[in-house]
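When the chains are written out, they are named A, B, C and D in that same order, and each has its own residue count from 1.
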C-alpha cells in the first residue's frame, strides 16, 4: 500500500502491464515527451522509449483507428483521449463502427483488444465543450465494455484488468480526481469487471454512485447519518457495462430505498438504465420511487457558481435521501 | 388528404417550407441530382435549383459543420444524413460540440436553427454498421430537440415544425418506412413537438412505442385484443426531447400497466429513460413492473432470421403484455 | 521530398518487360492474372443473378470493370501482407485467395459464409489469408489499415498493407489524418484510391476540388502515383515498385488507379447520372479483353483461355449450388462473438433468446 | 489552377509601399496597428496576473507574441466580414473591436462578460462585431467558419470569413473536409493557419508530415501563401490581396502565418519542450518592437507611442477593476439560452433549480 495520486495509480497500471507484455503500447496526444496532459504517463517514455510511448498529431479519428488496426493485427494498444470530449471528432466512429463490431461481423475472426482511456466529467470552470460525461453514449453500445474508477486502487486494478482483456474497453477517468491521493496496493492488483463495490454498508437507503461523484455521496452520507440518523449503504458499480445488478439487488432487499447519483446529464443518463434495472429486478422490494441526482440538463456554464448548481452536490444528495425516505 | 409514401410526405414538408422561406436550403450526399438516396428530395433540385438543393462530397463532418455556420449566419439549413450511422464520422461533433452549445456559450448571441435529418433504424439485412438506432445518443444532449415520426402525417407535420423552429433538431426517419403509404393532409399541416399521440385508446395496458416499431406494436395489439381480450392503449411520444409525460401519465392512471417498445438496443436505450420517468411520475399507479421490448444487445447480424430475432416483434410484444398482466 | 510521378500508361515498356523475360513463368503469371480477373467477373455475374432472385439481401456492390485494380495490386503481395477495403469487396476477397463458396455462402447468409452469415456482402474477412474486411463506413477503414501497417512495422515483419478506397471516400477527413500519420511515422502502407469516376451518383469532379487526387500525397510527404487501372500489367508495374519501397524503406504511397465500374453503385441504382455511351466507351478498354489480346499475342491458345473462363464460371455457379445447400447459422450464433471475453450471465446487459 | 506562392518576408517592398504613400493616413494606419497590438499585449499581461491571483479560472491561453497575425489580418476586414478562431481567442476578440471590459468580464465569469460569464476564456463572441467565437474543440470550428462563408455567398453579401487555427489543428480531418468543399464550391473564406511551431508540447515537425503546410492548398485547388507573422505589414500585405480575391472572386485561400507564442500553451504549461534561448531569439523579432522602429523611422515621436502604450495598459487595468466590481450572473442564467424556443414546463426534461 502507498498513498499516491489517482494519476500515478493509472500510470503504475500502464507501466506494470507494459513491462509484462511488450504488445502493449501507449499512444495519444502529449503522452510521451510532455509526460501526458494530466501526467498519467509520466516517466513512461524514458522507461520504454518512443517505440512504445508515442505522441500523435491532433487526429483523434486517425490515431484511434490506428489503434483498432494495431489491435486487429495482434498488438494491445492503449489509446489516450486527452479528454473524452474530443472523442466526438471521429474517434467515436472508430470505436462504435469498427472496434465494437469487428469481432462480430468477421464471424469471430478478428479480436480488437484495446483500451481507450482518458479524462471524463467536469474538470472545473472549463465550460460547455470541455465538461461532459459521455458514459451514456458508450454504455449503450454492444461490443464495448465501460469502466469508470473512483479511487486510486480501482483505477489501477480496473486498468490492469482492461489492458489484459481481449475486448475494446472504454475507460473513463475523472479529470477532477487526477490530483487526489488514495491508498493503492503495490504491484499486482486486479479488479474484475462487473463487480460492484459496497463502499459502505447501511440499512435504510442504498445510494448508487460511480466515478468522482461517489465521493460527493460519501460526504453527504456522513452528514445524513450524523444529522438525520438515516443509515446509508453506498455502492459503486465501477463498470457500467457489464453491470453488477446482484450486489445492488441484495442491498435493496435490505434498504427498500434507492438514490442514484451521477455526474452526467439526467435525461437518458446511465442513471435511467440503473433505475430501470433496479425497478425491474427489485420491484417488490421498493418502498418508494427511486430518486436520481444527476447534472441538470443544460450545457455546462463557465461561471463557477452556476457550474456548482448544475452538478450533483452534498446538499442535493441529502435532499434526495430525505425525499426517498419521506423525511 | 392523400395516400402517399412516407418519403413523399417528408419531401412535401421540405418543398412547402422551401417555398415559404428562402433561407431554407437542403444539403447532403446525393440529395440533388440523384434525387436522394431514398428519394426524399425527389424533384427539389428541378424546382429550386442548385443554389438551394446541394450535393455534397462524402464529408459528414465538413458539411454538417457548414450547416452550423450557415445557421449561425441567418440561414435555415436542412442537412441530410444519408443514414444516421454515418453521423459518427465527425458530424456528431458538429452537432454536440457546436450546434447544441453555440447559443448557450455565446450568452444567447448565436442561434443555430437547423434540421439534421436522415434514415435511422434497421433497413433490413444491412448488417452491423448499417443497422443502428442512435436516438439514445442524441436525446441525452442539452441544446438539441429530437423527433422520430412513425407515419406520413407525422413525418410531414413534425418536419415542417422542425424547419420553422429556431433550434438544432435531430430528425430521425425510419429507413424501413420510406416506401410505406399513409394518409397525409395536403398543404399546411404542423405537428407540435412534445405532444404524444394516443394512437389507440385502451384500458388494461399502456404500450409506448415510437417510429417504425409503433406499427409492430399496433399489429401485436390486434392479436392481443382478439385472442387475449386485453385492451391496450398505444401511445407514440413522437418527440423524445421534449417528451410528453402527461399524456402517458393520464394513460397509466387508467391502465396501471406499461410496456415500452423501441427498435434501439435495450441497455441505456431511450426506453430506460421513459420507464424511469413513468416510475417516477406514476409510481403509485403501477400494478406491475414495466416491461421493455427492445433490440437485443448485440451488433446487428446480416442473416435475416438472426436479424428478426434481434428486433422487437409481434410475438415479443404479446409476451410482454402477457408478462405485465401476469397472464 | 515529396514526388508526384504521373505514370501515364506506357504500353510499350510494359510489353518490353513482358517480352524481356518472356519465360514460361511470366506467361504463367499473365495467365494467373487472367484467371483471377475472370473469377471475379463470373462471381459477380452470379451474385447479380442471385440478387435478382432475392437469394441475396441487403446491399450488394458489384466490382465488374475494376477487376484489374485489385488483381494487379494483390498479385504483387506476399504472404503476411494485408488488405482492407470498403463495401465493394468481392473482388479483393477473391484476389486474396478466398473461395467463391465462402463468399457466396456469406451473401446467402449461410453458416458456411466467411463471416458465418453475420457480415454479408460488405464484410468479407479471412484472417488466414490476410483479408481484413470488407467495411461499410466510407473512409473509416483507412485509419484501421494504417494501424495494421503500424503493427507490421512494430513487429518488424517487413510486410505491407494495402488500403483500398474510392474517389468519393477520398473527401473524408479520416483519410487525411491517416495519410499524415503514415507520412510522419513512415508506415508500410499503400493508399489505393480506386477512382472509378463516381461516388454513388456524384462524379468525382463534383466531389473533389482537385482533379489530380494522387498529388495530395505531397501534403503528406510521400509519393503519389497515377495508374491506368484498365491495364492489369500497368497496375502491377505501379504496385510492385511502391510495395517494395513500403516493404524495405517504410515509404507509404498513394496510388490513384483510374478505373470504371460497369454496373450501378448498388443493385438499386439505375445509374441515370451517366450516359450509356460513356459506359460502352469504357467497355472497349475492358481489362479482361485487354489482357486476353496480350496473351494471344504471346501465343497462348484460345482454348486455354476458354478453359480458364469455364473454370471460373464453374466455380461461381458451384458456389451458388453449395450455398443453396448450406445450413443457416444456428440461433446461438446471435450471441456468439459479441465479446471475445464475455461476462458472466448474472451480469447486465444480458441477452435472452 | 492551384498556385503556391512562397512569399518570403520582403521588408523592402513593404517599406516601399509605406514610403510610396507615406501620407498622414498610412502613418495613422501604422499607429492603429501599433495600438491594437499593444491593447492585446497589455490585456494578456493583465489576464496572466489575474489568473495567478485565481480571479480567473479554467483554461487560459495567452496570445502574447502572435499579435501581428490577428491585428494585421483583421485590419484588412470591412464591416460584415466575420472571424472564427480556437480557444486562444483574446487577441482576435480585441482586434475585432470588442472591449477589454467585456472580455475581462467574461474571464471573471461576470454578467458583464461578452457571453454573460457562461463561456469563459475559450468562448468569446460578439454578434454585432462579427466575432463568432472562441471555440474549444481543435479544428471543429473550421467547417463552421466555412459555413459562415457559405451563407455570405448564398446571401450575395460580398463579405468574407477568416477561420483561424493552429499548426496542431491542421492535422484534423475536419479541416481537410472544409478546405475541399471551400475549393469545390468557391467560398469566400481565408483559412488562417497560425503556425507558432507548437501544438501544446508537440513541435510541428512531430505532428505534420510536411514542413510546407501552406502548400496543402494545392490539394484543394486554391492558393496557399506563406507569410511572416512577426511583421504586421507583411501580414497586411498577404491578407489584403487574399481577402480581395475572396470577396470579389470567391477564391478561398490558405495563409500559413509563421509566428511564435512567448508563453506556455496554457497557464499550467512550463514549456519544457523548448529552450529559453529559442524563446529569447524569437523575442528579438517582437512584432510590436518591429513596428515601433518603423514608426520611429517615419518620424513618429516616442511620446506618442508611450501614450498609446499607457492607454492600452489603462484599458486593461480598468477592465480588471470593472470586472471585480461587476455582478455575477443570476442563477436564472443557468437555464436561459439553452434553447432558442424552449418547451413548456410540463414537458421533460425539465430543469428545476
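A few comments on the model shown:
Please note the rule applied: a contact is a pair of C-beta atoms (placed from the backbone, for glycine too) under 8 Å apart; a residue touches a chain by one contact, two chains touch by 3 or more.
These figures come from a predicted structure and were not determined experimentally.
Taking each chain's centre as the mean of its CA atoms, D is the chain most distant from subunit C.
Chain pairs A-D and A-C differ in how many C-beta pairs they share in contact, with the greater number at A-C. Computed from the mean C-alpha positions, the centre of subunit A lies at a distance of 30 Å from the centre of subunit B. Taking the mean of the C-alpha atoms as each chain's centre, subunit A and subunit D sit 36 Å apart. For the pair subunit C and subunit D, the distance between mean C-alpha positions equals 45 Å.
Averaged C-alpha coordinates give centres for subunit A and subunit C that are 40 Å from one another. Each of the following residues of subunit A touches two or more other chains: 57, 59, 61-62, 85, 88-90, 93, 97, 104-105, 127-129, 142-143, 241, 267, 297-299, 301-302. In subunit C, the residues touching two or more other chains are 115, 117-119, 123, 135-137, 140, 171-174, 177, 180-181, 184, 206-208, 338, 348-349.
Per the touch definition, subunit B reaches subunit C in the complex via residues 29-30, 33-34, 37, 55, 57-59, 61-62, 85-86, 88-90, 123-130, 266-267, 296-299, 301-306, 309-310. Here subunit D touches subunit C in the complex through residues 2, 171-177, 179-184, 206-210, 215-216, 218-222, going by the rule given at the top. For subunit B in complex with subunit D, the touching residues are 25, 51, 56-57, 59, 61-75, 77, 90, 93-94, 97-98, 102-111, 113, 142-143, 145, 165-167, 193-194, 241-246, 277.
Taken together, the subunit B residues at the contact with subunit A in this complex read 61, 85, 88-90, 92-93, 96-97, 100-101, 104-105, 127-129, 136-137, 139-143, 241, 264-265, 267-273, 275-276, 279-280, 283, 288-290, 292, 297-299, 301. For subunit D in complex with subunit B, the residues that touch the partner chain are 82, 84, 113-119, 123, 125-127, 132-137, 140-152, 154-155, 173-174, 177-178, 180-181, 184, 336-341, 343-344, 346-349.
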